[in-house]
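Below, subunit A partners subunit B and then partners subunit C, in two separate complexes.
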Partner chain A sequence: MVSTEVKNVAAHMDMDRGGAFDFSNCIRNQAMCKMGAKAPKLTSTGTTIVAVSYKGGLVMGADSRATAGNIIADKHCEKVHKLTESIYACGAGTAADLDQVTKMLSGNLRLLELNTGRKARVITALRQAKQHLFNYQGYIGAYLLIGGVDPTGPHLYMCSANGTTMAFPFTAQGSGSYAAITILERDFKVDMTKEEAEKLVQRALEAGMHGDNASGNSLNLVIIEPKETVFKGPIVPEFCKRPEPNDLVYKFKTGATKVLKNKTFKYDIIESMDISH
Partner chain B sequence: MDTMREEKRNAIPAIGYYPQEEISTGTTLIAMEYNGGVVVGTDSRTSAGSFITSRATNKITPITDNLVVCRSGSAADTQAIADIAKYYIETFSMMENENVTIYRATQIFRQFLYNYRDSLSASVLVAGYDDKLGGQLYALPIGGFVTRQRSTASGSGSTFVQGFLDSKWRPDLTLEECKAIVKQAVGLAVFRDGSSGGVVRVATIDKTGTKLELFRPDKPGFPSVAPPKGHLSFPDHIEQSV
Partner chain C sequence: MSNFTGITATMNPLAEMAQFKQNMREVAASPEWRTSKLIERQRWNPYSMEGGSTAAISGDNFAIVASDTRMTQNDINILTRDAEKIHVLNDSIILSTSGFYGDVIQLRKVLQSRLHKYRFDYRADMSADLCAELLSRNLYYRRFFPYYTGAMLAGIDENGKGAVFSYDPIGCIERLGYSASGAAEPMIIPFLDCQIGHVTVAEDYEKPPLTIERAISLMKDAFRGAAEREISTGDKIHLVIAEAGKPIVQKFLPLRED
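Here is the complex of A and B:
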């Protein structure tokens, strides 16, 4: 029941490359769409992530919105991933791929640290990421900012899904990066203080969250220095706050409802659900 | 038409797949042999579509002390090839306890560019010095074809300076003359090519090793081109002096 158009597309696509993924379902999915089936959407982090290096350290940050099409799928999503004690990665792209890739990196780096008895270097994390992503030819949709401090100093790198890597003194990624980078280009200076760098990252993130529909809600920061790593967040900028209080008060005067019967049950609470957000 | 590339570009809305514009080095690479070595010059722009991803990229990748490779095309592909070829060259020189010649290094690059010609969009210039043949320059366009050249230009900016280089090259150039020509060629190409820009990086490779230089547009030494004046028939405010 495949239409000729779909068949043409199928004939045109070379699906036999590589052993890791099987892309034959792409054709099936396209055929199903042609027949009117609704396809599930990927949860993708339309994102703003920013990182700035300063004298002796590095500040990285991300917004916390995860989107699936026009829907905000998660308002408090964590896009700053810990790789080691002093190496972090901020991710843009496909949320599931980012989680898996950063999990793999942190595992491998921890093993490396245990085997060598030394702290892992940022360049090691970068190499692992780029070789993994290049192997999958961009099909793993992970766009990463990898940064941290190691015995050779502070480092900041960008790694794209197809395996491109670059080193930067400051940079931004994701759909909000265009707005964020304007702030960085205007105000970045070499050898800033920690406070200056932190302010700059926060302002760049807020620009991204303000100008990009797919970014927003709140921001998380991580400040990496040789001695200690400080995590800050979630910080909710003024323009991200809800105009009216989230939880309205529904309090009735005692006696507003007539009590007809009284009965007491005793329960043990085994599990509770957090419904605060 | 290459089917893999075609598939890469097509969006597959059914799985929410919308391909990002590939990061590529719309590039200007200039290289020239002289008596005793090679000079290479590049711009520093890396773009993804119309966005400049990096304005201070280093497209001159050192492989050994006296061999560099200048990359153009897909940034991911050329970086991966440079990494793998470097690994091979290092391994060979350790096993044989002898430096790998520039020609052999070029053949290693060729092997990858040819074997994976359907899935790569990479083109490189291999420039280096060895005691056997002196300064050498090899051009490897997409597809895995090799030619030794005395002077060459590659990348999107190369079309603008082909004639300039033809008119400037002559035997027995000195290092300084060669460097001046390469720098000016990069300046001319960057001026006319929208996908090239940023700083100018120049590397000189001779028997002493590799020297990298950087020329910024806001600092002296940058090969700037005087912008052409507007036509006389334009109003006064259009015709701006330099």
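Here is the complex of A and C:
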């Protein structure tokens, strides 16, 4: 009886959004909180992501550390996402949201390219991202730098989780952005060469990785030009390497684990399978 | 991921169920996202945590204390890369601390002045055992507004043996063979349990004796390992070695800086 009543209540709430997300536990969870339960806390991953435009192109980059609280969960996390051949997105925020949003964007943009027979534009990717994120009122924790080159030139945009977007000549995002932006503000010039821009992005990322606890390990770069897109990485800066190896070798010899019980099973082999190929 | 916590079974499950149903109805009538949310006022907090980790190992005639030198704000921001978390109080007592650095400084000041007074009164340095008890009392004295520190006191005791005393913030004291405190404590303790306590290996397995060289190497490796996976540990290892009949030696070794 209880369950049917709950179902009716949930149906009245009109929460189903066509199979996108399942909100059926929302009411129950709020009732549980009223009973004194504490809701689990969501953690977002600290990051440094940087992008700089230069004469005729764009350089984007990210570090590769994913954290869960104060523990490094992933040392080689890929934060530079490919949307199309010449549009990329760097993500900061909740890892799962970023993966899903960029996957959705790349799928939609590919379909668009196939339907129109032209290359997708960066503004299209941005509009799709912001409309999706605004729909969810910031609950999808994806903070994106969307950039690329299309027939109208190089473009760089930032898209916040609540749907705010801005256009930039250079910018940084994530917990390491404060350190990274200082380098960009000091050294950014209009119409840099490709090499200058690449070096600048790398230096900004290194500043972020150095000064921010939640960023580090290694960095990935993507250089987008009208003719070709080059992906570089993972690059490991000097301060991200272990300065000294371990003193001792931690290898256990046989016998370290106590044998509690011994049991032998005997099988008759009736047929053997050839697994050599 | 963590789950919902906080609900405990009551005496009357039927009444609880009825209450839950009532709550379900109320929440469904006006869910959180349709009401204007109450803004929780951020209250000022007298404490903060500056991250970092310390560990201590005692042996037959030595005690080794180590810490990293990174000081962190809000787990993310690096305040300094050469903070001192180990304080050499006299020729045989080393205080190593983690937690709220403001309280660390105050605690050190209190201990130093008490040690100074002891020296003035008795014409001798305080022993590690005595200082350990003194620290415990000083911590418990502030029972209801504690020094927010994970303190450890190490040194050479009255019998010339290595000693490590571990404390909680309100002065619960325990003499141990080895101990760790701070952000990487959950990583360092199991490592030392395995390598020094030998709690995970079979009884008849060959166990290497804890020499001072081995203890130093284990300490270095513990921090190298912690720096790999804990974000607020890094930059440098501050190693302090006390050996019976010898002056205290201090060393700094590099760690990764990212």
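What we mean here is this: the second predicted complex is superposed on the first by the 201 of 277 C-alpha atoms of A that agree within 3 Å, B and C clash if a C-alpha of one lies under 4 Å from a C-alpha of the other, contacts with A are read in each partner's own complex, and residues count from 1 in each chain.
Operating definition for what follows: a residue touches a chain if its C-beta (ideal position, glycine included) is under 8 Å from a C-beta of that chain, and two chains touch if they have at least 3 such contacts.
Small disclaimer: the values here were computed from a predicted structure and weren't measured.
In the superposed model, A:I71 makes contact with subunit C only, not with subunit B. Of the two partner chains, subunit B and subunit C are each touched by A:M32.
Of the two partner chains, neither subunit B nor subunit C is touched by A:G61.
In the superposed pair of complexes, A:M166 makes contact with subunit B only, with no contact to subunit C. Shared-chain residue A:G216: touches subunit C; no touch with subunit B. When the shared chain is aligned, subunit C comes close enough to touch A:L248, but subunit B does not. A count of residues in subunit A touched by subunit B and by subunit C gives the higher number to C.
Touching of subunit A by both subunit B and subunit C, each in its own complex, is seen for residues 12-13, 26, 29-30, 32, 39-41. Interface residues of subunit B facing subunit A in the complex, by the touch rule stated above, are 3-4, 6-8, 10, 12-17, 19-20, 22-23, 46, 51, 53-54, 57, 74-76, 79-80, 119. Within the complex formed with subunit C, the residues of subunit A that make contact are 2, 5-6, 9-10, 12-13, 26-32, 34-41, 46, 65, 67, 69-72, 175, 209-217, 237, 239-244, 246-248, 250, 252-253, 255-259. Across the interface of their complex, subunit B is touched by residues 12-14, 17, 26, 29-30, 32-33, 39-42, 44, 130-131, 134, 137-138, 160-166, 168, 178 of subunit A. Of all residues in subunit C, those touching subunit A in their complex are 1-7, 16-17, 19-21, 23-28, 31-32, 51, 72, 75-78, 183, 195, 200-206, 214, 216-218, 220-221, 224-225, 228-232, 253-258.
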